[in-house]
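Quick heads-up: structures coming right below.
One chain, chain A, links the two complexes that follow: it is found with chain B in the first and with chain C in the second.
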Partner chain A sequence: MVRFLARRLAYMFIAFLCISLVTFMLMKMAPGSFFNANFQVNGVSAVAGSYGVSPQVMDALIKYYHLNDPWYVQWWYYVHGFLTWHMGTSFEYPGTRTVTIIDTAFPFSVRLALMAVATGVIIAIPIGVTAAMRENGWMDVGLMFFAMLGTSLPAYLVAVLLIVLFALWLHLLPVIGFTHPQDFILPVLSLALPMVGALSRYLRNSLIDSLHSEYVTGVIAKGGSLSRAVWRHALRNSLLPMITVVGPQLAGLMTGTVFIEEIFDLPGLGHYFVGAANVRDYPLIMDSALLYATVILAMNLLVDLTYGLFDPRIRRAGDLG
Partner chain B sequence: MSMPTLKKRTMATLMWGRFRRNRAAVLGGAFVLFLILCAILAPVIAPYSYMQSNFLATYQSPSWQHWFGTDELGRDMLSRLLFSLRTASLIGFGAEAVELTLGLLVGAIAGYLGGAADTILMRVVDVVYGFPSLLFAIILVVMLGHSLFAILIAVAATSWVTMARIVRSQVIVVKQSDYIAAARGMGANWWQILRRYVLPNSLGPIAVTVTFGIPANMMVESALSLLGLGVQPPTPSWGALIANGEQAMFSFPYLLAFPAVTFAMTLLAFTFFGDGLRNVFDSKSMH
Partner chain C sequence: MKKVGRIVAPVTMAAVMALSMAGYSQAASAASSSGSGVFTFYTIDDGAGFDPALFTWDARQSQIGIFEGLVHFGPNFSIAQGIATSWKANGTTWTFYLRHNARFSNGDPVTAQDFVYSIRRAVNPQTAAMAHKASSFQGDVPIKNAQKIIEGAAPVSSLGVKAIGNYTLQFTLDRPDPTLLSQLATDMWQLPVDPRVVQGKPESIWTNPQTIVSDGPYMVSSYVQGTQEILKPNPYYYAKVPLQEIKILPFSANANEYLTYQNHQSDTAILTPQDVPAVKNNPTLSKQLHWVQTAVSYTLQVSPSMNPAFSKLAVRQAFAEAVNKQVIANNVLLGTGVPAYDGKVTSWMAPWIAKGALQYNPTQAQHLLAAAGYPGGKGFPTVRILTGSNPDPIAEAVAQMWQQTLGVNVQVDSENWGTYLADMTKVLPSNEVGFTQFGQSAAFPDWKTTMPLNISGWQRTNVPIWSMSGGYQAQYEKLQSYTMAPGQKNLESRMLIAKHESPQVRAVMALGVKAQATNNAALMQKYVIAKNHLAYVIPIYTVNNAVLINPQVHGYYPMRMWLVTPPVWLGYITMN
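Coming up: the complex of A and B.
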């Protein structure tokens, strides 16, 4: 188990380095730089002049951001800064460390994602149970039809459809703002509903498998009802493996929030990332991309670990090996 | 005495029979065909030019002249929707072709050769799999520009690994079967085996992956243009239409509703069609 973990962590670190290198290369290859776009035209500090930025200040800025160093030095500054959580200063928001931006924006995105997961699981359980208890009945077919609708639409499209339905047609829910609790209903729902589709489908299939197994026949034979068999016995065995479905969904949610934040104008990290990519704010691009990559890599690792943790067959094999 | 003639039952007729029974899949497939036709014929069937503004007819509600209304520049929404379908299809099918080529190459070579080639290729696949794909697409588009080709590359850049993994696992399963051993015994080389035996037998899962890959690519394309990183205006794209419709959604809700609903219908058609295909190819329920 320890050896497995060590190996996975090593792979994770290599993947992290590769991602950081590729992101850095792409970012550097992108035409235009922040200072070019904003301070210089044709190598002459034409606009910079109008801002009153002297060549000396430009030099100092370039030096401060290490922009004249060889690429591997620059790259290493970003990676080192990220790993030690001592990141650089943003271009777009001068004097603001990217840590400060990430510290306020990232928890916001995470909170959004966690609320969506919780909502998704809470909605998915009754749907999955109902469908499984009426296997192949009209209720099952109907619910699974809607689950399929959910899985095939991206969160941002669900968001727009919810806006059309609840805000434009029924005038029930607000679309703009992030101060009142009801402001979060639509963003959270639009992230949760695509997940409900996947979760309830998985839960239904795994419950049906359990309901056809011998221990459930045993429960029924001893006089237990179907609902008792489901709620007390089968669900317990089906809920834990669901974590392996929730994990990847959570990683997907992290990027899903980018678009939801854009649609609902929420100040999450995705919002800053898109802005940073547009104005070539190198430090902010690097740090937020690395953060997203780390979260996704960690999620994948966690999922692989929980597979072993919750499936006794794998766990036993791991103990022996 | 004449022999009773048996109706020829090839694999294809069997599959068609199974597919036809799934009403949602048939409807989805028919709608996908309709969409492809619309995308190809967009310049012919669009009632107006998608970029011709008409300042005497801005913000027209849906009417017989403009079925889906007009936008803030008086451009016909139906024409713009038809052309965003064209954009989405170009990216959807084009990126899928790139993914298929890359995935087939990498997956087949890794799966068939095994050993060190497999290990190295699959490590690369693992690393790319860990990439935050949408964020990566955003950076790529910023770098390569907003041309159709750049977006196509950005969409395909990370999603080919799914195909590579599926092809590899298929190849490994087929590789171990007896008919491959027989072919090898008769002196077929690895390329012949790959082309004549392995690929035809792994066609099912690949076809299903392609069917689900196309709408996934369309989603990325319109997600990019939702952020203002898609194809350059005035070329329309669903994402841009949705972002645009959002600006005046309280006064002119149809500008948001039509793009959203038609896009959702397109994605659903592909899903139902793909789901039907998956059932057809599922060998467990074949008997």
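Coming up: the complex of A and C.
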């Protein structure tokens, strides 16, 4: 197990360095730069926020951000700053360290993702159970059709549909804000509904397998009802594999809330990441991209460890491999 | 019991959602019908903090009611008393008499010494340098020694601002400036900060509501950069503050203000052209629609090119006269724009501007192009329009007009913002000429403030660069590289421009400087018209915002200088 973990951590570190390098290169290859924008508009009132930045300030900024250093030095500053959690300040918000932005924005995104996963699971369980209990009946076919439909719709499209229904037509729910519980209903549902399709289908199939097993036949043979067999026996066993589905879903959601944060103007990391990419805010792009990468790598490791815990064969394969 | 347990989770969730919805419905109806005193509107929030010494959009919010300076704007850009209750001008000396009961939000009194400290702080180049931003003092107000201080040639203490006692403030100017009050009402550098709170503190205090101390009717209560801020009344304000709360939402191209307004979550909304017909056809909403002309104009400016075609005046004028601005305003913008005749001087500021401008005249445009050696557009290089928005229907419409009227080949390059910024200074090859789209805006509502103060100041604009021939433009492009220090780059650019600019441009610049120096209105008009007849810049339209305003909101006088036209003074806003 220790060897397995050590090996996976080593892979993670290599993957992290590769991701940081690719992100850095892509960022540098993108035309335009934050300071280029500042210089171009010096004296032209096109961009008010950049108006009149003096050459002295420009000089100081270029030195402060190592922009005249070789590329590998610049890259290493970002990676080292991230690894030691001593990141610099953002271009866009020069009075604010990127770590401060991340410290407030990332937990927001995590909370949003957790709420979405919890909501998704809560909705998926009754759907999956109902479908499994009426295997191949019209209810099963109907529910699975809608589940497939939900899976096919991306979160941003679901968001638009929900906005039209609950805000534009019914005026029941807010479309902007993050201070009241009701502010989160539409964003959470937008993220949760596409997930419900996959989760409920997975649960249905797993539950049907369980329902066809001998121990369930035994329960029914002893006079237990189907409902009792499902809720008391089969569901417990069928929920276990769902854990392995929820893990990647959570990782995907934490990094996939970008569109939803933009649509509902929520102060999550995705919101800042999009803004940073638009204005070529290199420190914020790098630090948030590295954080996203770390989260995905960590979640994958966690899922692999969970597999290992539940299935010794995987653990052994890791040791041997 | 177990059955109940099985369904409890979904039912609980449904109940929470239903209760939340009910709560929201009540809150929404209360906000919109009972005049709860919460006013919500959109404006630009750049997340840079509220330091009035810096040129940021948040600092501009400071100016409309979070801080209060000597004066501020009233209805129709009249000058209203702020902390100063009266003032008098005597040549180059202006004396302001301050109210005695003004206080910061922490209870500290606002004194003349605080103004001196704050203005010195804003003019001091070290303040902006430490914050890695631009100063809110742009050097366009002729306070004595300000320029020398900016250039490092004089100490900050020599600035022509002094306190005479606790409640009298005196400015000494380099020259008489009849537009001073208008500039004070517009600028942030004159807003007082509390030295006892600010001195020696890092810039981060300006993004933390706990440490932002201001003297306006409202203070920052909560602030999430680029997302939302909430203002509450300053408990020490000298007069009654009319609202319980103001919520500011960030304006962005993605923000659907119309939807938020319809959902009762905002009291104002700036409509996109696509929204206008629906609102006009809605009997309720059409009564809430207001049209607000801004000071922001969409212009096309000649791009640097190795091809000399646009160095001919007749060619540039032909392109200017081939654009039917009225059709663009009516059919493309659906009324959200009106024809523009200058980048900064708008029709609402100067009604005479349209009269002397180059007018739409397709026949004359064709003659001019033919006289310049390109009859029917034959032999004319490809024209590229570079724009920073995708799509850009205005650029497409202009391209179509030029193709149909002048017979030239036009391509529109709609690029994302970063690419656009990188491409705008590239010199086009010898088989191409082009225009670059720029938004321009006057800083003050008085068109006379757009005059050039001196020739070197005017060199900061692009016109002298465009007027240079292709070879020198290529030299200029080399100066843009990062290999040279910005200070040196700036100096060499100025030298290059001074050596190679067109005599026509120099003559018009000299006229503007003379008009400004003599404060001669007729000469100023002549300069503005002459500048536009050079046709290096083709103004297309001035933004005419279609704004929905909740009928329960009163006292909303729009700040036309900004694209998003927020209230000119939040202290005027009341709600039923």
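Just so we're on the same page, the second predicted complex is superposed on the first by the 292 of 321 C-alpha atoms of A that agree within 3 Å, B and C clash if a C-alpha of one lies under 4 Å from a C-alpha of the other, contacts with A are read in each partner's own complex, and residues count from 1 in each chain.
Here, a residue touches a chain if its C-beta (ideal position, glycine included) is under 8 Å from a C-beta of that chain, and two chains touch if they have at least 3 such contacts.
Predicted, not measured: the structure shown is a model, and the values here were computed from it.
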Contacts of A:Pro174 with chain B and chain C, given as first, second, both or neither: second
First, second, both or neither for A:Ile163, with chain B first and chain C second: both
Which superposed partner A:Ile101 touches (first chain B, second chain C, both, neither): second
Touching partner for A:Leu153 - first (chain B), second (chain C), both, neither: first
Per-residue contact with chain A, leading partner among chain C and chain B: C
First, second, both or neither for A:Thr23, with chain B first and chain C second: first
Touched partner set for A:Asn278, first chain B, second chain C, both or neither: both
Partner chain(s) touched by A:Pro248 [first = chain B, second = chain C, both, neither]: neither
Chain B versus chain C as contact partner of A:Gly224, first or second or both or neither: neither
Intersection of the chain A residues that touch chain B with those that touch chain C: 30-31, 163, 167-168, 175, 262-263, 278, 280
Chain B contact footprint on chain A (complex, rising order): 11-12, 14-15, 18-19, 22-23, 26-27, 29-31, 145, 148-149, 151-154, 156-157, 160-161, 163-164, 167-169, 175, 254-255, 258-259, 262-263, 273-274, 277-278, 280, 285, 289, 292-293, 296-297, 300
Complex contact set, residues of chain A against chain C: 30-33, 36-37, 39-40, 42-46, 48-62, 64, 67-68, 89, 92-96, 101, 104, 119, 122-123, 126, 163, 166-168, 171-182, 185, 231, 262-263, 265-267, 271-272, 275, 278-280
Interface residues, chain C side, partner chain A - complex: 2, 6-7, 9-10, 13, 16-17, 20-21, 23-25, 27-28, 46-49, 55-57, 60, 125, 128-129, 131-135, 138-139, 202-204, 206-207, 224-228, 249-250, 254-256, 259-260, 262-266, 417-425, 438-441, 443, 460-462, 480, 482, 485-487, 489-490
Touching residues (chain side chain B, partner chain A) in the complex: 24, 123, 126-127, 130-136, 138-140, 142-143, 145, 215, 219, 223, 226-229, 242, 246, 249-250, 253, 256-257, 260-261, 263-264, 267-268, 270-272, 275
